[in-house]
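The following pair of complexes shares a single chain, chain A, combined with chain B in the former and chain C in the latter.
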Partner chain A sequence: MISFLIRRLLASIVLLFVISAITFLLLSAPHTDVGRVLLGQAAEQSLVDAKNAELGLNQPVLVQYLTWLGNALRGDLGSSWFTSENVLSAIGNRIPVTLSLMVGVTLITAVVSFALGIWAGVRRGAADRFVQIIGVVGYALPGFLVTLIMVLVFAVQLRWFPAIGYVDFFTSPAGWLSTVTLPILALSVGSIAGVSQQVRASVIEVMRKDYVRTLRSRGLSPRRIIFRHVLRNASAPALTVLGMQFVGMLGGAVIVEQIFGLPGIGSMTVSYTTRGDIPIIMGLVMFTVIGVVVINLLVDVVVSWLNPKARLA
Partner chain B sequence: MKLGKWSGFAALTLATGVLLSGCAGAAQSPAASDTLNIATLSIPQSLDPTAATGSNVPFFQAVYDTLIRRQANGDFTPMLATKWEYNADNTQLTLTLRDDVKFHDGTPFNAEAVKANMDRFRTSTGGDSKGLKNISEITVVDPTHVTITLSAPDPSLLFRLSDSAGLMANPAAFANPDALKTTPDGTGPYQLDKSKTVIGTKWVYDRDPKYWGDKLPYQTLTLSVFDNENAIVNGLKTGQIDTALLQSADQRAAAKQDAQLKIQDSNVDVQSIILFDRAGAMVPALGDARVRQALNYAIDRDTMLKQIRQGLGTTTSQMFGTDTLGYDKSLDNYYTHDPKKAKELLAEAGYANGFDLTLPRMAAIVDDALAASLKADFAAVGVKLTWQDVDQATALKQIFTDKGFPGLVLSLGQPANDWLMISSQLLPGSFNIFGYTDPEATELVNKIQHESVADSKADAQALNKHIVEQGWFVPFYRQTYALVTDGSVNVTQQSGMAVPSIYNYTPAK
Partner chain C sequence: MSDPIPDSTAAIALAPTARPVTAFRRFLSKPLAVAAAIVLALVVLVAIFAPLLAPFDPGASSLKDAFGPADGTHLLGFDSAGRDVFSRLIWGAQNTMSGAGIALIVALVLGIPTGLIAGYYGRWFDSASSWIVNLVMSLPAMVVLLASRAILGPTVWVLMIVMGVLVAPSFFRLVRGIVGNVRNELYVDAARVSGLRDWRIIGRHVFIVVRAPIIIQVALVAGVAIGLQAGLEFLGISSGDTPTWGAMLNEAFQNIQRAPLLLLWPGLALGLTSASLVLLASGLSDVLGERGAPAARRRKNKNAAPADVVPSTSVPAPETRGALLSIRDLAVSYELADGSDREVVHGINLDIEPGEILGLVGESGSGKSQTAFSILGILPEGGSVSRGSVTIQGTEVIGLAEKKHRELRGTVVAYVPQEPMSNLDPSFTIGDQLAEPLRVRLGLSKQAAKARVLELLQMVEIADPARTFAAYPHEISGGMAQRVLIAGAMSCDPDLLVADEPTTALDVTVQAEVLSLLRRLRADRGIGVLIVTHNLGVVADLCDRVAVMQQGRIVEQGTTEQILVTPEHPYTRQLLGAALDGVDARPEWQPRSTEVSA
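Here is the complex of A and B:
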């Protein structure tokens, strides 16, 4: 296990380096005139050139990248070209918003999906068909539509929740809960649809295994068979899907954050990428890569703990 | 499945919702409060005054005073300067300053501070810095008097001193310019609450109890930036946002459905084709005024306005805004939809079979309907219009830096000040990137620059008429935007500005 973790760590460092170089190159390729974007269409060319020089954009791309890399290795990711905010604090301010959504959605998805999946897999029949319908409907409904409907009904019409904005947990836990509930529910619909189907399929497969029949013949209670044996074996694929969804949730968060006006990483990624704010985008990419590596590592560790056959070596 | 189990779950959800709405005050109904929440789509590059431009100015007004206050109707009144006076040939402006104003750290505001601020502003790389390019020297006469010497008269100088160039920061803060970007230091009515501000998203300002001037009615001012108007409308409906300017006709319609929201029409932007290549360097046909006139006669402005903007706007043939001296109402209808006349003009110019015209298309500005409408109208007179899609990231470089296109469809703000309009849209540079002019325009511009603003109306109108007749632009319509409030705030529109000044808001009775 230790050697596995060390190998993963080394691979992650190489991955970070390679991705940072590729991203920087790609961002520099479109020849965005950052100075002009900053100063507006009407800015005189001399002013645009001066602004570009001020940002170091008159240097060759390699020099720009090496400067960024040198600073990054010292923990200085620079400041946004468009808002002057420090990259680390800009991302740090927005992480709690997106993390609230991601953790909330993952918890709800895990609980509801496992409940539905086990129910369908064990009961079969009408319960199974019901869960499958939920899966199809959840997949078929576009995420943005679900979100818009939720805002209109629960925020604008019923006024149960705020339509926009975010309240920090430490400022007001109740305020935080009220601002993240609808976004979490909106994002959970699609996730539950996917994970519950995975749990259902895994449970059905495991229930057909010989050892389950043996356990039944030995007189173990159905509850004990399901929670001690079936679930343990059926969880691995579902956890992998859940882990992938956690990472992929950034995509869904973009839409939800924009509709709810949440100052999170998703909406930040879109708005700063469109402007070509390289310091912020590089920071976001590094943050995302580290996040993906950590999540994948956690999933591997948990799966190996659940299933001895998948032990890490 | 038994209904009983699910009804329990539903009841729990309902209870949670009701509980949350109660304990968190999730969505209060609008009522006059001591906090003003303004939503906007524009974002300030920093809070250093050198970064202030256009619609970002309210972010700065909260913490910095300007030398001159510009009232909602465009009149100039005292602020940090109590008096101003030009010399006979308008090349020297002497300002008399208040002697009782201090920055937040106790540093006195005086003529030295004005000189330090203006010298820094005009030599910076800020977007508005070139607006002070005619200033040759700023001289401190005594602590309450400063003289601005110009290399040539600048009829927009007072406007600029009431805008970004007039924002006064504490010179002591210039030693650490990076800090000034996020920690503003001025004499303004508010101070930035850094603990509640999330730069890039929400700026929160608290009233400065020691402010030297009249207190504004709100204890707290919040400016929030959104990247879509849908969220803003939802915020207005739930009372989380007090006021915002909506540009989209669809969102205006959404706001209109809520009887509680109050909507004022705001006509600031004019949409047009800016014909850069008036000398015909890239597209020879555009060098002939008759061809440019033909393009103006070819388009069906009424149908465009009806189909594309749901009728929200006023068709026009002129670029001068309604608040300028040069505005002439009769020029709004100078060009009517007349394809026959357009064809005749093209034939006279030697283009009876039309010509090819390629324009860049930024999807955010030229939607499918507008693209199709212009293409069809031009095709009807023989002009083959090709749209070249340009992505937002590289568009400005291709269009303005590389000068890769003969023209551009754009929504341009209509300044309230004539010289501001002339210098940004007509003089070589800025939006006249090919640097075209003609003798008559040059003569009129020269006269307007050297005469007093009060005497310039006739020449400004003559200049306006000349550029309309010469077809420098192909204007479509002034777009009507919606200045919306949630009913708890009264707001007065600011002449020539899309987003009103922070002084223009009062609680509704």
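Here is the complex of A and C:
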């Protein structure tokens, strides 16, 4: 287990290096005159040159990257070119918003998907068709379209929730809840569609296993067989899909935060990438990749705990 | 034996020849998929002929018409800049579809050849490409696309190429997985041995297998690409005025309070197109992927009793019913996909007295296991007892409430399955699985259950009970697993053991040990045993009486000696003939006969 974790961590660190290098080199490729953009067309060339030198842009790209990397390893991701905001604190301020969305979506997805998937897989018949239709509809509609429909119905027409804005949890828990409910529900639709189908398929597969019949032959109750044996064996593939959904959720969060005006990582990505603010973009990419790596690692650990055959060695 | 339709593999082997016609016909029988295909065809036509169809210039705005209502020439009214919504919708189809098309082509060009090579040749290319694919898949597409926009500028077409790269892994993984499996198939080996070149093998044998999954995946990925592309446009990253559905949604969303109806048309267009792609994919996968239909048709043909069965010689039911187990006129049916029933067991009679071992012999698919499952009430999905009576110690179990029947299982009648490894839950230790019924059924404490399990493991002659107790199923051998299953069946002290081919999966020495174990259990505890087998060696070795089953009927029944020495039914003679290498029946019966594989 420990050696597996160490190997995975090393592989993840290599991944982070590779992605940071590629991203940095690609971002530097267009060669825009950042100093000129910052100071405006009227500024004197000497001032522009000084600005570029201050940002280290007069050096070769490789040197720029190594400088960035050296600082990053010491925990310094630099400052935004355009707002001089410290990258780490800018991201740190916005992460709680995105994280609360992610946690909410993951919890709702897990609970609803398992409930639906088990119901469909055990009952079959009409229940099964119903869940499959949910799956097709949820998968077929682009996430942001679902979000728009929800805004239109629940925020604009019914006015149950605010259409836009964010209240910090510590300022007002009720206000926080009312501002994150719609975004979380909107993001959950797609992931529920995906995960519930996987749960359903694995439940059906496990229900047909020989050992389930043997467990029945020993006089165990269906409830016990489903919740102790079938669920445990069906969980591993479902959790893997849930982990994959997380990557998609990060993308979904970009649009959802933009639509609801939530000050999270997603809306930050939209506003800063349009300006080509390399320090901020690098910070954002690093954070998202770290998030994905951590989730994948968590999924691997839980799956190996569930499935002794795949116990990590 | 868990499969009630043993000949479905034969049907699959026959299927490809008849496929093209039936696949298309089956597709036509799916109304949703056909509707989806029509919608998509319409959208594509609109996209192609947009310049002819659009009544106005999609970019022409007149501010005085902003938010103007629909009229005779402007079918859907005006947007916030006074542009014709209908014309923008039509041009939007073209821009949206071609954007998704570019992404799709890039993904196909990148994903399929690399997947083929990685799956077919493996080695370093496989490791390297799989590593890259995992890297790409761990990147959130939307974030990468936004970052790419910062690098490459706001040109939609360039971003679509990036998107193609991002979705290419889904094709790579699909193709690589299938090809990896196909590569080791015998017919590919045969082609290789017969000297065909690799590219010809890929073209002839491998590509045919991946064709259908790729078509399905294309529809799914197209849906994803359209959604992503519209999402990007919605975020307002495109270069201004190009009319796309996503950009129209963005524009409508900004005016959601003032004119919520503007969301409707682009939303509807996007939703319908996207949903059609998914429905088409699911319809196609039903038609191309699932081979249920030909198998069902084949099953129906088998309903007619073949000529070599002689139903009239079915053994008449004895007057007195067996004290431990008695089966009268038992019939088992399976519901087919088309709603009709197919009977697999056609009214059989069996009796077992306490302490008696009855062998139920017959070839695969003759209904032996279905009979065993009916006694236990554990028929697979779709199967049911359609008539007859089964009594266990005088209790009628057909029509008995499931809960009452459950109470008999384990404590009165227990089951030893055929395949040892697949009958243990891989997620729990042996000890855990064996203790569970003891705790649930008999209400033993944790310690008492553990002590009893160790005792049971000792009883089935497992050398190191404590170690086996803590082991997971994959950590023990097949022979051990079969002993564990016998221990599991014996755990709640049943009176009747139903053993479904308990030795088939084991090697010969272990077989003999398991048989002697069963014999000892009978001697020590006086249990009755119904042993299902196709192995006449097992019968000769173990059974007091034998029933011979053929295609759902019992054709002959008697003492082991009678059946082996003076078989009457032609089928029994045939079975013995197969066992004894062409000799009709052995003149001198010897208890330990050779093995049969019928």
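FYI, the second predicted complex is superposed on the first by the 293 of 313 C-alpha atoms of A that agree within 3 Å, B and C clash if a C-alpha of one lies under 4 Å from a C-alpha of the other, contacts with A are read in each partner's own complex, and residues count from 1 in each chain.
One rule holds in what follows: a contact is a pair of C-beta atoms (placed from the backbone, for glycine too) under 8 Å apart; a residue touches a chain by one contact, two chains touch by 3 or more.
Keep in mind that this is a model prediction, so the values were computed, not measured.
A.B. asks: For A:A201, select first, second, both or neither according to whether it touches chain B, chain C, the two together, or no partner.
C.D. replies: neither
A.B. asks: Taking the superposition as given, does A:R218 touch the first partner, chain B, the second, chain C, both, or neither?
C.D. replies: It touches chain C, and chain B stays clear.
A.B. asks: In the superposed arrangement, which partner chain does A:I259 touch: chain B (first), chain C (second), both, or neither?
C.D. replies: The answer is both, since A:I259 touches chain B and chain C.
A.B. asks: When the two structures are overlaid on chain A, which partner does A:V151 contact: first (chain B), second (chain C), both, or neither?
C.D. replies: It touches chain B and chain C both.
A.B. asks: Answer with first, second, both or neither: which of chain B and chain C does A:L88 touch in the superposed model?
C.D. replies: A:L88 sits against neither chain B nor chain C.
A.B. asks: For A:G175, is the partner it touches chain B (first), chain C (second), both, or none of the two (neither)?
C.D. replies: A:G175: touches chain B, not chain C.
A.B. asks: Name the contact category of A:D33: first (chain B only), second (chain C only), both, or neither.
C.D. replies: Touch partner of A:D33: chain B, not chain C.
A.B. asks: Now for A:S80: first (chain B), second (chain C), both, or neither, which partner does it touch?
C.D. replies: After superposing on A, A:S80 lies in contact with chain B but is clear of chain C.
A.B. asks: Is A:R159 touching the first partner chain B, the second partner chain C, both, or neither of them?
C.D. replies: After superposition on chain A, A:R159 lies in contact with chain B alone.
A.B. asks: Which chain A residues are contacted by chain C in one complex and by chain B in the other?
C.D. replies: 30, 151, 156, 163, 258-259, 270, 274, 276
A.B. asks: For chain A, which residues count as touching chain C in their complex?
C.D. replies: These residues of chain A touch chain C: 15, 18-19, 23, 26-27, 29-30, 124, 136-137, 139-145, 148-149, 151-152, 156-157, 163, 207-211, 213-221, 224, 228-229, 232-233, 244, 247-248, 250-252, 254-255, 258-259, 269-270, 273-276, 281, 284-285, 288-289, 292-293, 296, 306-309.
A.B. asks: Taking the touch rule as given, give the residues of chain B at its contact with chain A in the complex, in rising order.
C.D. replies: 1, 16-18, 20-21, 23-27, 29, 43-48, 51, 53-54, 125-127, 129-130, 178, 181-182, 198-202, 224, 226-228, 230-232, 234-235, 237-238, 240-241, 391-394, 396-397, 399-401, 410, 424, 429-431
A.B. asks: Touching residues of chain A toward chain B in the complex: what are they?
C.D. replies: Going through chain A, the ones touching chain B are 30-33, 35-45, 47-48, 50-51, 54, 79-85, 90, 93-94, 126-127, 130, 151, 154-156, 158-165, 167, 172, 174-175, 177-179, 181, 258-261, 263, 267-268, 270-271, 274, 276.
A.B. asks: Looking at the complex, which residues from chain C come into contact with chain A?
C.D. replies: Those in contact with chain A are residues 2, 135, 137-143, 146-153, 223, 226-228, 230-231, 234-235, 237, 249, 253, 256-257, 260, 263, 267, 270-271, 274-275, 277-279, 282, 373, 376, 378, 380-381, 406-411, 414-415, 417, 419, 422-428, 436-437, 440-441, 472, 474, 485, 488-489, 491-492.
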